[in-house]
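Common to both upcoming complexes is chain A, partnered first by chain B, then by chain C.
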Partner chain A sequence: MKSLYITLLCSALCSTLSYGQGKFLTKQGYTSFFSSSPIEDIKADNNQVLSIIDTSTGTIAISILMKSFMFEKSLMQEHFNENYVESDTYPKATFKGQILNFETLDQNKQTTTIKGAITIHGVTKNIEIKAMMLQSEKSIALKGKFPIKVADFDIKIPSVVINNIAEIVEVSFELDHQLYTK
Partner chain B sequence: MARQTRIITIITVLTISMIGALGYMLFFDKPHIDISDSLPNITLSSNILIHDFESNENKANKKYLEQIIQVTGTITEISNTKNKGIVTLSNEDSLGSIMCHLSPLENKKIKALKKGQNITIKGLCTGYLMDVILIKCSIVD
Partner chain C sequence: MKNFLIVFAVLAIGLQTKAQDLFDILENETPQTKSYTTSTFKGTRILNGHSIENRKKGILEFVISHRFGRVNLGAEELYGLDQSNIRFAFEYGIIDDIMIGVGRSSFDKTYDAFLKYKVLKQSEGKNSFPFTVSLFGSVAHKTLKDFDPEDEPSFSERLFYTSQLLIARKFSSGVSIQIMPSYIHRNSVKIAEDSNDIFAIGIGGRVKLTKRISVNGEYHYTINPLESIDASNSLAFGIDIETGGHVFQIILSNSITMIEKSFITESTDDFFEGDVHLGFNISRAFQFGKHKKKKLQKMKESEQ
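For the complex of A and B:
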């Protein structure tokens, strides 16, 4: 009886291990945001995005370091970190979601819908994002853009610069996940 | 008298605008820090840096974020996709590692690097995801 338990336990362990093959990951994903106003355009890039897709469930989890956003002007970067997103208190932005109908998607390039919750500046909002997806046996690439309302995330823009920063900021992303084999 | 006032006005306006221009150059247009040209704020081994983030991320964030860190360790992975070089440092007895994203200028040096080699790299710490992230890195030794 005891040996049966051990066998069952081992097989359960083995099956979870083999499920591990269904994880696709990138540690160098790209995301940027773009704010356009009559006074100036502001853009910031981040090349250190972590994103993990679990193909057994179609779930996706993304983590972004706020201090990894690079601006053209260092003063903008300083204001962004210190005054707007307060990256000392909220160092990360996250997204947890589901790629809808993931099991039905094939290897053709196609538009997918990702539904989930995004957290920026400690505020969580539900969101639906359209993304172009291209998958193979060893990789899953996702690319797209979506708008974000700055006020939704409790980010206060001082009235002095209110005309310099758009109310709605466009977020772009490019995530080239590779099969995780470790 | 009127002429004197005009001269004074002109000089005052010129001085103010010059101070303004200088202030703009120094303050609003101040350049990003050049990591390769700056002295590190913290110098340590890769093991300690990884351990600090793994044991207490919040505490490590306070200590290391936005600091220029010079770290010495063993290269376990080298990648260079889309001309963005990344050197990964880790040690055998821990899961985590340090991902050093090289600055574009340093990227050409990546071909000379080998896995298993000891290296000292200097970069700006932006935080901890699965690994400790250093960006704008330059190779010291």
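For the complex of A and C:
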């Protein structure tokens, strides 16, 4: 009888181990977006992105504080928070999704597809993102870029500045997750 | 035996982490930082007087303000539009919390210079603080030759000093209130009954109608007004309209001037008898120097 429990326990332990080390986290992930228009290019960087991957399921969750985006011009930053993404009402952008076929991925650098839902300005959209993934026993790095249509997220651009802001902005990300041991 | 089963159950459940649990972990791992309240007011002025807002480091703003004549002058004077007071000024952010400016008003041909320093900032999160406090100081020099040629006042006799404490709180994204006690000193007075030192207390605020438009009000109560003129308290209502790099303010006020020493102590019109002046403030901001890199650097350092 006792041996049965030990077997059960061992199998449970083994199953966790065989799914990798569990969770990988970064608190200093990088995200930027880039808008290119005939009048000006606008770029904003954020170095405080939080992201976590659960390797047992291949699930990924990302949380981005909108006020942490840094612009070259401080007035742009103010307008971004105040008029466009309304950071007081919608402080965070989030993404939750699935790294497809996660269990089949090995430690080589390879392209993966992440499918999930992105929420910006309170509006959620399903998207599919291609990302470069490099994993080791202690880290998982994801890197990629994808386009976002500003109008999809109910962000209105007034006609005076319609030529200054692109309809589609390019979002880049670089997330170096480390093994999370808590 | 029971324990084994519990351990087994916990391990089995542990495998089934859902995205929501991941967000809970992210929430717990979010560094506790202080976030400063931004955009308490749209512009550096509520209407006539200064708000706690500064122009950020490296931003030069060119400000043109107008106050027309009394609306109740009637059609002959085109409801006051024939008369006009203008102030134009250059205002610059030295660092994020300190701005300076120089201006020239057509009223009394007055030059002015000011410094505004944000001492305490409203913030949320760790060690939060409920309101913003700015210190404002200005000096004005009247150059209008309205004196007896026999009795020309000296340079210093034509100087005026204003000190203000600006205390503001953004109650919600749409509502901000500011209180501003003011102390105005004039080096010379017209008659002996006039006090050289005038104290006033002001209140101002804004209510946002849309993301880019707000309704503002501002009132200054003078405790010991000048006796040589029929002084009245300054009252103003107006609308802020923001378009890209511009903030445009349309104002109705009983004051015809745009610097503190003047509109707080020298207003003579009565708002409620129709002695209202139409006015506007318009500003254009230019960015000098890009300070993003330094900011990012600072952020990185604070994380380590």
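By our rule, the second predicted complex is superposed on the first by the 161 of 182 C-alpha atoms of A that agree within 3 Å, B and C clash if a C-alpha of one lies under 4 Å from a C-alpha of the other, contacts with A are read in each partner's own complex, and residues count from 1 in each chain.
Note that in this section a residue touches a chain if its C-beta (ideal position, glycine included) is under 8 Å from a C-beta of that chain, and two chains touch if they have at least 3 such contacts.
Every value quoted in this text rests on a predicted model; they were computed, and no experiment measured them.
Chemist: Taking chain A as the common reference for superposition, should the pair chain B and chain C be classed as clashing or as fitting?
Modeler: clash
Chemist: Let me test your reading of the model: by the given contact rule, A:Asp88 touches which partner, first (chain B), second (chain C), both or neither?
Modeler: In the superposition, A:Asp88 touches chain B and chain C alike.
Chemist: Touch test for A:Asn47: chain B only (first), chain C only (second), both, or neither?
Modeler: Both partners.
Chemist: Contact-wise, after the overlay, does A:Ser74 reach chain B, chain C, both or neither (first, second, both, neither)?
Modeler: It touches chain B and chain C both.
Chemist: Contact-wise, after the overlay, does A:Asn164 reach chain B, chain C, both or neither (first, second, both, neither)?
Modeler: second
Chemist: Chain B or chain C: which reaches more residues on chain A?
Modeler: C
Chemist: If you stack the two complexes on chain A, which partner ends up touching A:Asp152: first (chain B), second (chain C), both, or neither?
Modeler: The answer is neither, since A:Asp152 touches no partner chain.
Chemist: To test your reading of the overlay: chain C has the stretches 9-17, 27-35 or 81-89, and exactly one clashes with chain B. Name it.
Modeler: 27-35
Chemist: Could you tell me which stretches of chain A are touched by chain B in one complex and by chain C in the other?
Modeler: 27-28, 47-48, 50, 63, 65, 67-68, 70, 73-75, 81, 88
Chemist: Going by the contact rule set out above, which residues of chain B touch chain A in the complex?
Modeler: 27-33, 61, 65-66, 79, 81, 84, 86, 99, 101, 126-127, 129-131, 133, 135
Chemist: What residues on chain C touch chain A, complex-wise?
Modeler: Residues 1, 4-5, 7-8, 11-12, 14-19, 22-23, 25-27, 29-31, 35, 38-39, 56-59, 96, 173, 211-212, 242-245, 285, 287, 290-292, 295-296, 299-300, 303.
Chemist: Could you pull out which chain A residues touch chain C in their complex?
Modeler: Residue list for chain A touching chain C: 5, 8-9, 12-13, 15-16, 19, 23, 25, 27-28, 45, 47-48, 50-52, 54, 56-57, 59-61, 63, 65, 67-68, 70-75, 78-79, 81-83, 86, 88-89, 94, 96-97, 158, 160-161, 164, 180.
Chemist: Using the touch definition up top, name the residues of chain A that touch chain B in the complex.
Modeler: So the residues of chain A touching chain B come out as 27-28, 47-48, 50, 63, 65, 67-68, 70, 73-75, 77, 81, 88, 91-92.
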